[in-house]
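Letters A, B, C, D, E, F, G, H, I and J name the chains as they come in the text, with residue numbers starting at 1 for each one.
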Amino acid sequence: MSTDFRATLETFSNPYPHREYRIETICPEFTSLCPKTGQPDFGTLTITYVPDQTCFELKSLKLYLQRYRDHGAFYEQVTNLILDDLVAVTQPRSITVIGAFTARGGIRTNVIVEYTKP
Amino acid sequence: MSTDFRATLETFSNPYPHREYRIETICPEFTSLCPKTGQPDFGTLTITYVPDQTCFELKSLKLYLQRYRDHGAFYEQVTNLILDDLVAVTQPRSITVIGAFTARGGIRTNVIVEYTKP
Amino acid sequence: MSTDFRATLETFSNPYPHREYRIETICPEFTSLCPKTGQPDFGTLTITYVPDQTCFELKSLKLYLQRYRDHGAFYEQVTNLILDDLVAVTQPRSITVIGAFTARGGIRTNVIVEYTKP
Amino acid sequence: MSTDFRATLETFSNPYPHREYRIETICPEFTSLCPKTGQPDFGTLTITYVPDQTCFELKSLKLYLQRYRDHGAFYEQVTNLILDDLVAVTQPRSITVIGAFTARGGIRTNVIVEYTKP
Amino acid sequence: MSTDFRATLETFSNPYPHREYRIETICPEFTSLCPKTGQPDFGTLTITYVPDQTCFELKSLKLYLQRYRDHGAFYEQVTNLILDDLVAVTQPRSITVIGAFTARGGIRTNVIVEYTKP
Amino acid sequence: MSTDFRATLETFSNPYPHREYRIETICPEFTSLCPKTGQPDFGTLTITYVPDQTCFELKSLKLYLQRYRDHGAFYEQVTNLILDDLVAVTQPRSITVIGAFTARGGIRTNVIVEYTKP
Amino acid sequence: MSTDFRATLETFSNPYPHREYRIETICPEFTSLCPKTGQPDFGTLTITYVPDQTCFELKSLKLYLQRYRDHGAFYEQVTNLILDDLVAVTQPRSITVIGAFTARGGIRTNVIVEYTKP
Amino acid sequence: MSTDFRATLETFSNPYPHREYRIETICPEFTSLCPKTGQPDFGTLTITYVPDQTCFELKSLKLYLQRYRDHGAFYEQVTNLILDDLVAVTQPRSITVIGAFTARGGIRTNVIVEYTKP
Amino acid sequence: MSTDFRATLETFSNPYPHREYRIETICPEFTSLCPKTGQPDFGTLTITYVPDQTCFELKSLKLYLQRYRDHGAFYEQVTNLILDDLVAVTQPRSITVIGAFTARGGIRTNVIVEYTKP
Amino acid sequence: MSTDFRATLETFSNPYPHREYRIETICPEFTSLCPKTGQPDFGTLTITYVPDQTCFELKSLKLYLQRYRDHGAFYEQVTNLILDDLVAVTQPRSITVIGAFTARGGIRTNVIVEYTKP
């Protein structure tokens, strides 16, 4: 599954590859499906990374995240999966993905996943 | 007492056991009884943990926390007890439980308890 | 059912019965049970009234609202029922009860009920 | 189209049909598709009505609104259409539907539609 | 009792007696004693009036309100009493006193009293 | 000048011309030039209207407002001018335009202009 | 005194004299001196008016308000005085001046003055 | 003086003495007297401690803090004194007391005092 | 210049000289003059220090800061100068002064200066 | 290109070159053009630096940033470019530039760039 989605992501060359700087991208319009109930889940994704040679392109990120609209996955899976795809495509120096999902049954959940280039 | 409640908690296998990541769960609809006066107490529980092999399932957590509705316990006991139960059931790498209780007599109390796997 | 709960409410003589003035009481710690699922509901009740000869006593209101803790009723019923009880006991010049319930399935509901002495 | 969606809405008898009271329902997880671009739109729907003989059931409302997830319609159409469906199904004394959509191109739009029984 | 407190209030001539204008005074540091329990109550008083020939002086208002520090009175009495004293001393065209008291037992109360010169 | 800008605005047929409903459009990214100093001004435009036969199209509104980027006009002129153009193009039942401009010299200004079809 | 200050205010011709519209000007950097203690007072002035033939110029308003920096006057006088000067200079259809002064001795005061052309 | 007040504080055995956890207590209704002017001071006390063998009881803390109502002491003294009393009575592993006092003469002051068991 | 202002500052003996604790003083009513334009500047000063043998007295601080009312100095100078004066007069263990100035030309500036006793 | 813009920046001698202190400058009225679409971008620039011998002058910074109004550059380029120009002109001990851009397609981006003198 992941392979298919990942192809949506486009990149461009980091214009300042010699400098270590940070890009934060906040996506409050994320929605996927609960694999158990089929009901839609909603959340805000916050992606923070230090690019190396490559940055992801924002419009393609938007299209990539829209692919989850009809896709069933648990909170923990979704957040880890997006991290894996962004690491595979941009090979960043480091990256954090935070999935902050809206309340279900009066309970709200955030998943925080990090990666640092070895 | 703790044994009985604890059985309500269900778990599932951590889908990314090799990665160290964090799950935050916020439960603003917690209520128990004051053991001295029998009056209801209200609060928000925030549970943050780094899972190891096991995650707790959210619906069973909701049912577990509802068991406190008719149960008498002081703030310090409740918060430590919930930490003990979650540690016993999920054996996390680390976990924090914060109980933020509403004001009584103009005074508001938070209890913050942490555990790290030795 | 309503008769039984209503008896919990105590009153005192309005100390300024000749003046038309307003009392607002906000109760953010209301909880009852959903009659369909048995699951707890949570909400904030806001009661605003112009007393006539009688005011309700705040401690007895607290105990009265606690009676709903183990009681099953839909949002619309609960809010109308509380209005009926407060009207029966205090015979106010006018009164409004607002029940603002927490989100379920991503949907939040408020019920607003008013009464004016004919 | 509207007929098909409308059938999802279930109702129950207003428990207090003789009293004129108001129910507010806030749905922050609404999403539909832009008919021009195919891109998802997001927004918060706020429905306020004075029921007559019939109330709409909240779970069926949730399912009804989810039908728009794969449906293309402009902001003005969506908001008017939902009002039409709710009027047809519950025949309320009066109703207001507010669609507050998230920003596109730096511009944010709200649509406010009202109906009063003649 | 009221007579004694009232004498603390000093006034000055309204500098613009021919114009109908409004003065709002907000006092967030009000405290009195509960006559039943002897425990301190806390609240914010908001006084809004249209002066006629006379305005109350702010420093004397501060000293007047401090007289309640060791004085026992219920919320409804305190708010009505302060209105009575301010009316007696300044004879305003109209005046509103709002007493917004902090939560006790999880319940918060506001008392709103108004007077208009006949 | 106004004629030239106005041509940028595109419209579409009001899908519910028989119903009186309201559309609010908020544009926080407005910028023009001060005709006296040549310095850029910034503000938020809020347009609220009841359409008759015609609605303005949002993308063309965005392009229309961008025309002011290199255009010099005082706050009062800009706000009135935009109202005039929107009235000319959409012939609404009523419309309000609010221009809320950022502070200059520690002073902030809002201009509120309204039109109702005779 | 008033005459001297008033001369600082400059005006320009209302560019839309035939339309009734509103201009709000917010000045959070107002400061004057307390005539009793010589201590500085601070506040926010909000001026809202419907111009007739004349608008006041913003830079001259700033200089006019700065004249109060070394000037002693009570809250009620200052607010009424500024209204008088703005009425004299611009002859508006209507105008409101609100002086919201910072807390002294734990008490905060707002003065609201209005004028409508007869 | 301190001895007399201190006796009001009651304690109970820490139910989890082997675990290092934190208790935060927020008291927004603190009031004392300025020793120079005799005028009341108001503030919020925030007490955070890691208990060792003993916790302080919340109702007795409330009564202890009420003892300051008729007691004159400067901000710095009050905050240090409360820390001294709480250390003497509960012998905590560590404790912080923050006194955040309301504005006087336009100036607001916080005092932050810490203690760690040697 | 600095010498003259500095003399306004009065001190008192630190009541707890053996304990390292922190005092924060927030002054939102600071105003000085721009030396280039003569126009008034406004800002909030936040002073945080760990006293040694001496504390500054709050009323004298207020009078000291008022001396800047008719004094011309740039943001950087004012903030450093106040730090220098407070260090000279109280010889603190450490101190931070933050000057947060209001916007000019749409640009807002904060200056943060620190000192630690060698 | 950068050379041309950079010349707009004026500097003055750091009045306290021997002390290490920080200056924060917040510019919420930044706008440039998207090089791909030609559409305007909007954002808030926050510049924080520790000056060495030289500070940048605020009015010239305003004029410098206005040069981007008709200039096309991506978020990452703009933020890095401004850092480069400020480093070249003021040779600071250290500097951070944060560009926080408004949402496009429901996605918001911040770019954080830092420099420390070797």
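What we mean here is this: a residue touches a chain if its C-beta (ideal position, glycine included) is under 8 Å from a C-beta of that chain, and two chains touch if they have at least 3 such contacts.
For clarity, every value in this text was computed on a predicted model and none was experimentally measured.
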For subunit C and subunit J, the touch-path distance in steps comes out at 2
Output for shared partners of subunit E and subunit H reads B, G
When each of A-B, G-I or F-G is compared with E-H, the one sharing over half of the residue-numbered contact pairs turns out to be G-I
Subunit B to subunit C, mean C-alpha position gap in Å, rounds to 31
Subunit C to subunit E, mean C-alpha position gap in Å, rounds to 29
Cα centre of subunit B to Cα centre of subunit I, whole Å, reads 46
Among subunit A residues, those touching two or more other chains are 28-29, 39, 42, 102, 104-106
The chain pairs that touch are A-B, A-C, A-D, A-J, B-C, B-E, B-H, C-D, C-E, D-F, D-J, E-G, E-H, F-G, F-I, F-J, G-H, G-I, H-I, I-J
Touching subunit D in the complex, subunit C uses residues 74, 76-77, 79-80, 104-114
Listed in rising order, the residues of subunit I that touch subunit G in the complex are 28-29, 31, 39-40, 42, 66, 69, 102
Contacts from subunit G onto subunit H in the complex sit at residues 39, 42, 102-106
Counting only contacts in the complex, subunit B reaches subunit A at residues 14-16, 19-29, 55, 58-59, 61-62
